[in-house]
Amino acid sequence: MIDELRREVCRLHAELVRYNLVVWTAGNVSGRVPGEDLFVIKPSGVSYDDLTPESIVVCDLDGNLVEGDLSPSSDTAAHAYVYRNMPEVNGVVHTHSTYASAWAARGEAIPCVLTAMADEFGGEIPLGPFALIGNDDIGKGIVATLTGHRSPAVLMQNHGVFTIGESPKAAVKAAVMCEDVARTVHVSRQLGEPLPIAQGDIDRLYDRYQNVYGQRSHL
Amino acid sequence: MIDELRREVCRLHAELVRYNLVVWTAGNVSGRVPGEDLFVIKPSGVSYDDLTPESIVVCDLDGNLVEGDLSPSSDTAAHAYVYRNMPEVNGVVHTHSTYASAWAARGEAIPCVLTAMADEFGGEIPLGPFALIGNDDIGKGIVATLTGHRSPAVLMQNHGVFTIGESPKAAVKAAVMCEDVARTVHVSRQLGEPLPIAQGDIDRLYDRYQNVYGQRSHL
Amino acid sequence: MIDELRREVCRLHAELVRYNLVVWTAGNVSGRVPGEDLFVIKPSGVSYDDLTPESIVVCDLDGNLVEGDLSPSSDTAAHAYVYRNMPEVNGVVHTHSTYASAWAARGEAIPCVLTAMADEFGGEIPLGPFALIGNDDIGKGIVATLTGHRSPAVLMQNHGVFTIGESPKAAVKAAVMCEDVARTVHVSRQLGEPLPIAQGDIDRLYDRYQNVYGQRSHL
Amino acid sequence: MIDELRREVCRLHAELVRYNLVVWTAGNVSGRVPGEDLFVIKPSGVSYDDLTPESIVVCDLDGNLVEGDLSPSSDTAAHAYVYRNMPEVNGVVHTHSTYASAWAARGEAIPCVLTAMADEFGGEIPLGPFALIGNDDIGKGIVATLTGHRSPAVLMQNHGVFTIGESPKAAVKAAVMCEDVARTVHVSRQLGEPLPIAQGDIDRLYDRYQNVYGQRSHL
């Protein structure tokens, strides 16, 4: 079970590379081990080319290394906090993708002006607080912002993006779509103000997308 | 005949990927089956890497699945409406390509300020209405905007692009060229106002391109 | 001799693709046949993937097809005019690359604010006139603008770029560098005014680059 | 020892290509030979595809060619000056990467508004002087700007970027991260003013990153 999850999480990092969400080693995917208080995550400082299923490490929900030869990602504490506090989440992704991080650096949520945003995020992509690495502040900011929110993505101020999902793949999809809409809305606003979508229409699009696609929720 | 069309439509999705018109599974190509009230289209939610000719599904002109193991694209109703109402159209493409969608989010047509636009689109790329998915509204918006218009591309407000062609390949070319000119005109306008091209020159360029290239029309 | 040139011109089209200067079939390279009143050029409407040395066609200096099974590029007349009127030119490239075309759509020359521009272009990249396809107007605009100018690149208003060189490869290099500096200067100007480089420094950089690199001129 | 370094420096040029920091032949990596007054560097005018470990040349600290069949990079004097005057530096990289060069063309340092910048650069990325090629002016500008500065990257006015590191790989990483943050901060500022990060937080992030990651300094 863990080995299969390691393969999947290893493989999903290639999607971050393919969609240009990461440079060098800055970005990571994790996945909860079904039925256990464990998750697997990228090791720290390993390039995406060199990542293998064996190099993916296993941590407990306090972020302590349980299995693996390498140190876990420096973002492990934030992933662990999410798994401890959001039991429905089985995958977490972190990136510094350009356009999403640009909104985050200004401290602005991304307004919902695309039907694809209504589908995937159910409204705006919210802003989380500025938080330093080194304790639970980043994790707390993620959980406080996403709890009760439709969006599976949060822009952490001056930092980057965290996304959640009911699987690692769903969290990666949210990271890909987040950067895609962050870029399109940015480009649109460069030459004027995008037209808003009425709240009722956002609700209809979101409800339909979650049901027609058989996805109970963004998790 | 249908198998050959499936191979072609499958192959053409790779062009959407190559030209960065799509991320994840958001974008689709369809093609009318010659001489029959049928068309083939991408299945829903299948990644472009996993697409095979066998996975391409067959629908009737009301968008009902006729052959195939997977559900048709969630945009099938819009494609079907176009085939029902524009008999000269044999290919339809839908994308959320970044720059075209950015114009669509502001609700602005793309002005014709490039000779390549005059060649391919015969003038501006027009704006279609805001329309929700789930009935024929998107299809109606496409047909109402493109009927009698030179452009094979329409920007659907707050949504993305639909293009039509006399073949699936022609519709894909229109989608590629649409994003290319959407980007160039956007970039140009970022630092000032692009110079207009006189209507007579647009007409001359369009007429020549349709004839010299042996293309009877953009279809 | 012609076969070797066909291979080289075929191969150079891959550089246009690699550097994202072209989409679909919009862009072409030509090369003068040494010692003969002939040049080779891309055939019209052939995709870059399908281009082979055999498919490259041979034309005389009036642009008439001399050898080859396909029609020559629709831009052949412009290439031919350059070869007829600039005997020192042995390679010509045409693209609609995004940033250069964006400057061209506004009708603005690109100011020399980068040392790399001083090196390669010896100053600004100049603007040529608006001209329709179908006669010698484009060729005349290119020659009138580049004759006596240091720059091997000209921005044709509302259209795109033509570059010249003492070889096809030199013309391709000029097209690559033109888009590169067009993009950097564009990005720089988005947030303010780039600092000018003094004319004396531009001259010193240009003179050194032409000599140290053993290149007699940009041709 | 030198052969191993040549292989490494050859290989690292592929990272400049991968991250789109260079076009054609404009950009180079060098590495100091441990325990000797020598360094290895890219030969001049060789395309990245054609670069082999054997083609990498060896120079003394005055920039004179010591071993190799080709001329050293035209930027060799600047690399040599850095090695002569910064004994702790073992790798130097030069690029004209788009966004960093755009800041350089305006003569502006990049403000520290991203936690990733605080981690890697310890604050802003500073601006160096305008300097002509051909003597030690560029090298002096690099050393004067980076001595006593946390940042391993300097924006040379109207020119491009130089980065330093305790190894060639560290200098390449700095070049990759420099362009990444130059782009993100640029994009962020296009639509408003990014939020500053308090100096105390920048210091905490920088100190942690240098220690937790076991990196004594950016060198």
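The chains carry the letters A, B, C and D, assigned in the order they are written, with residues numbered from 1 in each.
Just so we're on the same page, contacts are C-beta pairs under 8 Å (C-beta built on N, C-alpha and C of every residue); 3 or more make two chains touch, one makes a residue touch a chain.
In this text the structure is predicted, and so the values were computed from the model without any measurement.
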So which chains are sitting against chain A and chain B at once? none
Could the interface between the copies chain C and chain D be described as same, meaning over half of its residue numbers are common to both, or is it different? different
Of all chains present, which has the mean Cα position farthest from that of chain A? C
Report the inter-chain centroid distance for chain C and chain D in whole angstrom, where each centroid is the mean of the CA atoms. 31
Could you give the separation in Å between the centres of chain A and chain C, each centre being the mean of its C-alpha atoms? 44
Give me the residues of chain B that touch two or more other chains. 190
How about chain B: which of its residues touch chain A in the complex? 23-24, 26, 44-45, 74, 96, 98-99, 101-103, 105-108, 130, 132-134, 157-160, 186, 189-190
Show me the residue ranges of chain D that touch chain A in the complex, using the header's touch definition. 19, 113-116, 173, 176-177, 180, 183-185, 187-188, 190-195, 197, 201, 204-205, 208, 212-213
